[in-house]
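Across the two complexes that follow, chain A remains constant while its partner is chain B and subsequently chain C.
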Partner chain A sequence: MSASTLKRTRRNPAPALKPEQGRGGSSIERQRRKLLVPFVGPAFLFYTVLFIVPAIAAVWISLNEWAGSGPMTFVGFKNYIQVFQDPLFVKSFGNTLLLLFVVGAAIFILAFAMTLVLRDMAAKKIARNVIFFPHLINALVFGILAGFIFNPGGMVNSLLKPLGVTEPPAWLAQDNIFPLIMATMVLTTTGYFTTIIMAGVDRIPPYFYEDCALAGATALQRLRYVILPLTWDVFGTCAVLWTISSVKIFEIIWVFGGSSGAGLPPTQTWSVAVYTYVTAFSGMSTPAYGAATASAIISLALVTVLVVLLRRAMRRDAIEF
Partner chain B sequence: MTALTSSPSEQAGPPPVRRKRNRGGVSPALQADHNWVRSIGVFILWAVVVLFIAMLVWIVLQAFRDTHAILESPWGLPTSFNFDNFATAWNVSGFALATLNSILTTAVSSFVCVAVAAPAAYYLSRVENRLTDGLSLYFILGLGIPAQVILIPLFVMLDKVHLTNSLIGLNLVYIGLSLPFTVFLLTAFFRSLPLEMEEAAALDGASALRTFVQVTLPLAKGGILTAFVLLVVGSWNETLLALTLLQSSDKYTLPVALISFVQQQTYSGADWGGLFAGLCIVILPMLVIYIWLGRRLTEGLTLGMGK
Partner chain C sequence: MSPNFRFSKALAVLAGATLALTACGGGGASTSANSAGGGTVTYWSMWKVGEPQQKVMANAIADFEKQTGTKVDVQWQGRTNTKKIIPALNTNNVPDIIDGSESNLDIALGSTGQALPMTDAYNTMIDGKKLSELIPAKFLAVNNIKGKDGQPWMVPYSLTSDAVWFNAEKNPDLVTNPPASWTDFISLLDKQKAAGQAPIAADADIAGYNAYWFVSALVHSEGPGAFAKITADKTGAGWDSPAVMAAAKTVQQLVDNGYMIKGYNASKWPAQQQAWATGGADLLFNGSWIPTETGTYAAPGFKYASFPYPSVAGKPAMARADFTGFAVPKKAKNAAGAQQLAAFLMGKKYQDAEGTDAKVLPVRADAAIAPELTSVKKAIDNAKEIYMGNDGVTTAGYMEKNFNPTDDLLFTGKIDAGEFVSQMKEKTIAYWKAQG
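Entry: the complex of A and B
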């Protein structure tokens, strides 16, 4: 609802105001425009200094070889080439892609299924509120809990024992941690996207469903011709949101299953964010700020490309209802 | 229709199906289709709901047991409500200071961020020209930049002005980082407010500034509160930047303290009791906020999607 009304209120007055604006606008308009500096100035300043300047600096640093202190040497794209030749980075990048696409697909399918189930379920508010809550908890918590639940003498194994599983898999073996992380992400993030998609589905006026019933549409047809087209833009937004948040995944990997133990999580589980952090700040080797920033810029490039593609792919004529 | 059904050949057919009573007064079109796929879905959903609640209750209960008992039987219940774990976590492991730091950082950065973003969002929502379009786009740009991109330059910059390992520096970073989202959310919110009241105020001779402070701000209380709560949740849980920028344990925020606590355990043996107490300190404030202002949170997260 909010989206369509917003667009409408924004679009309609514009042509009416055009001629006025040419003459300098009404007095309140003119007064308002004078507020540009005091109103937008502080936000602009904060944002530019603390966000845009570092972002531009990041591009510059990524083109240099730099250990944080001492001289910077300009090396062009060498950092990028070097990073892509680093098997650790390739592994991290692959993991980030797995999180983005595999976990993303699972979340979306589940969230949409949950929405359809929730839509006309009894006590849907309670269920929705509960599955949303993990979104508000620091992912560290899940990582730490996993260590307790999956450790050899932990809860899962004590549950499996009576079932006759005497040799349970080594859950926290280095190779098994990443799939567990992916599963945890699905479990804890689905609720958030369910809430968003549900808000989109709830916008659909009930008379559409009544129409479907009168026309004798099956549940599948109703899904295909009513629910999906009318929530299409919500899906697009969700996809963008997930793209942006999935490349930032850091905390849960950092502590998953107590894996950080001596300091670093096992390399099989790294995401690009972890790679960036370790390369710059681990204290294990000389910090390579150039390479670290290059890896971060690559993740930014990934986000940019995907968001642009998504907007292309999801673009449909907005359906006003 | 009537002609057909009353024709003699049809009358010999099966008796008309009796319609089910419509319980609950929901029109049949809106009622659930009952089939087994759905039933499975409902079952799984409730299973997840129960799992989440049980998990939360379990964490809180374990925080009252000592490590030995927890490891002995992870399913056990506390025999008595002793706050030993909380006391240890609070006093010995430095969670007290970390909590204080977290509360300070969260409150200050969220408040300043809203205070700075609200006027900007108001301006961007009310004045329509090429400049404001460009500015809106400029702010939105930040939504797509992952934090790790600016991590290193921020560290270097703040180090130059001696603001690393300082809560002031962390506050500044949080404000800058949350601005794009806050401006975006509040712009959408201001746009959804009716213009009539402001026009009336202008006709009564109120200046634009006064209109904003006395008319629009009170109207926008809900949206501003929503933005504030979302910022509180974000800053309370932020980990990567805090981990990078804070080095001494007296400056740690809760997530960093938690990480350092986990890392100490690998040397000193697991203190699960203390750890569960620490988890409670991280989770429970969010639970309180959620129960108290949950509707605002979910609304805010879905309102920001107008774009």
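Entry: the complex of A and C
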């Protein structure tokens, strides 16, 4: 860092080189301090207004009983107790963890596998685009497509009929929808993370691979000794991104069950985000904003704890190359 | 790459994002400023541009503007309007008038005391009569649209109901001779099944539709309010009643006897109602919107007809009727103009248009009606007692988190009537314990 700072000061002589007497810190430090308020101020202000204040308000609402408008009654931690005692919340929480860990593991295993294959493949740019493509499609399309493919009179059953399958499985039965959602998540998200990890892999200088080839390393050894250590920070960022986004998974569950969003999805598929939404906005009963925000705060806490743990677990000295 | 450089880049991205956000905020604020002003009524409509009801409403509003000189600023928001108004009530950007189903308006405004009494609208003379005299009294007996002050906070303009739908072209006998009791109904289903036809179509992914069967069975045998009563019983003892078990058994019977169309438990709406409209099944127990909803894909020559849910001997004739109508928030800036608009739309001309153009059930008994809905209208006219969808239960989370998931299991044959009743008893006790 100091080297680059020096380089910059030399290149930019005008105000920075004028030394001021009596005050602490180098001129560059002071310059930076001066810029802090105009640069960080506006962003900080908007961040406070748009995120921090609402988050604090949410904590306050979660301690009250409130129908969204009208009188608020302070009830302390009752909403939290109520939410934790609700077997449906526990089930939703479990589903969120399944998405986070099971889908997450599948995504990263597949992403690294594809990275290995894609690096040496001909037409890898096209392949990369094809893999990334599902991520661009709105979840609603998958919801409708699932109906088209798996409905009792849908594509799969029509294809099975000539093969003599007259009693096909109930593909879209309530218990089968969650595994289907998990599979769809893997399909849509793997390409996204493959692309990011590939960008990290592309930075690795080719002579490392040449070294590997000379040493007779297998693809797996290459992954272990070259690719993983040199893309560790990229992987860490991806893991954090996935953790944050997986806890918020909502729309795909919403459109998969319950008639593509016209009704509520079956409770077997609910995630914490869906539970929160239904509690506040089901439109079928008096909104319970207190319980809904309590559930939202719990998932916020979950994300925070997981991200901190993850950062800690993934901490390595960055390798300069 | 130095961390310095990385930091300033992140800052630039953040600044860009902030700018984008402020741009959005600015845009929103300027549009809301336009809506305030003298002689203007802001209306958040539950209809979207292009829907038949929207066309009827737009024509009526044009007449209203011409006759009264009041300008109506309409936002065709669609059904989410009653969700959007809840947070809006905490701000100054509140519409003068909003429409929706009674349950949605009750959740948003009525139950929280945020709705203005519609006394002025009810006292307005429409076609030579007070509006309060034009709405049949039996509707007002159950549809609880009265606030704590005893004044109604809603002006209903149309109704939704339910019925067992069929194609009169294929089953002309059912028009003249519908099943008079549950036993008759079951023998009809047996006959259809024996003829190699699937008797009943259903999209079991919509829990609300599945609930029709149990709730109707209970309400028809025990009277309106019976279901609401057992859900409100904190001890859960209401679920022990033999009538509840009998109602659950009617649902189990449909599943056990194989009357349902194949794959009803594993489809995405509207697959099965489509199958019904193209002749895949004979009957569909669903709402009064079915003729318009399935009209685009029904088989050629399909003639919509319906009969009411089978009645129980010794009980008065019953029909379900849920209001759709207007409410005015207490915070409305032009409440007088809003009430005037609500009353104006109850004119015969517009009620007829609701019946014949939009093909819904108008509230006024003297309004014209589409031929598809005559059987439903007749059932409502004949009904001595009226009940609401879900028997009017809107307690926070009870239906969507407790009843519906359990009823889905019963309706798809995962559990039997006994298991259903004991689970519901347990869940009702737990629900009320958690509510404290």
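Please note the rule applied: the second predicted complex is superposed on the first by the 266 of 321 C-alpha atoms of A that agree within 3 Å, B and C clash if a C-alpha of one lies under 4 Å from a C-alpha of the other, contacts with A are read in each partner's own complex, and residues count from 1 in each chain.
Just so we're on the same page, a contact is a pair of C-beta atoms (placed from the backbone, for glycine too) under 8 Å apart; a residue touches a chain by one contact, two chains touch by 3 or more.
Computed from a prediction, not measured in an experiment: that's the story for all the values here.
Of the two partner chains, both chain B and chain C are touched by A:F281.
In the superposed pair of complexes, A:L88 makes contact with chain C only, with no contact to chain B.
Of the two partner chains, chain B is the only one touched by A:F51; chain C is not.
Residue contacts after overlaying the shared chain place A:V247 against chain B, while chain C stays out of touching range.
Of the two partner chains, neither chain B nor chain C is touched by A:R224. By the touch criterion defined above, A:A43 lies against chain B and chain C together after alignment on the C-alpha atoms of chain A. By the touch criterion stated above, A:R311 is placed in contact with neither chain B nor chain C.
Look at A:K161: by the touch rule set out above, it reaches neither chain B nor chain C. Look at A:M121: by the touch rule set out above, it reaches chain B but stays clear of chain C.
Touch counts on chain A: comparing chain C and chain B, the chain ahead is B. On chain A, the surface touched by chain B in one complex and the surface touched by chain C in the other have residues 5, 39-40, 42-43, 46-47, 50, 68, 153-154, 258, 260, 262-263, 281 in common. Chain contact summary for the complex, chain C toward chain A: residues 2-5, 11, 14-15, 18, 21-22, 82-83, 86-87, 89-90, 103-104, 107-108, 111-114, 203, 205-208, 262-272, 275, 390, 393-401, 404-405, 408, 412, 430, 434-436.
The touching residues of chain A, when paired with chain B in their complex, are 2-3, 5-7, 9-10, 14, 17, 21, 27-29, 31-36, 38-40, 42-44, 46-47, 49-55, 57-58, 61, 68, 113-114, 116-118, 120-121, 126-127, 129-134, 136-141, 144-145, 148, 153-155, 158, 187, 192, 195-196, 199-200, 206, 209-214, 219, 234, 237, 244, 247-248, 250-251, 254-255, 258, 260-263, 272-273, 276-277, 280-281, 289, 292-293, 296-297, 299-300, 303-304, 307. Chain A makes touch with chain C in their complex at residues 1, 4-5, 39-40, 42-43, 46-47, 50, 67-71, 75, 78, 82, 85-86, 88, 146-147, 150-154, 170-174, 176, 257-260, 262-264, 266-267, 278-279, 281-288, 291. Residues 26-33, 38, 41-42, 45-46, 48-49, 52-53, 55, 59, 71, 74-75, 116-117, 119-120, 122-124, 126-129, 131, 135, 138-139, 141-157, 172-173, 175-177, 179-180, 183, 188, 191-192, 198-199, 202, 207-209, 211-212, 233, 236-237, 239-240, 243-244, 255, 258-259, 262-263, 265-266, 270, 272, 275, 279, 282-283, 286-287, 289-290, 294, 297-298, 301-303, 305-307 of chain B are the ones that touch chain A when the two sit in their complex.
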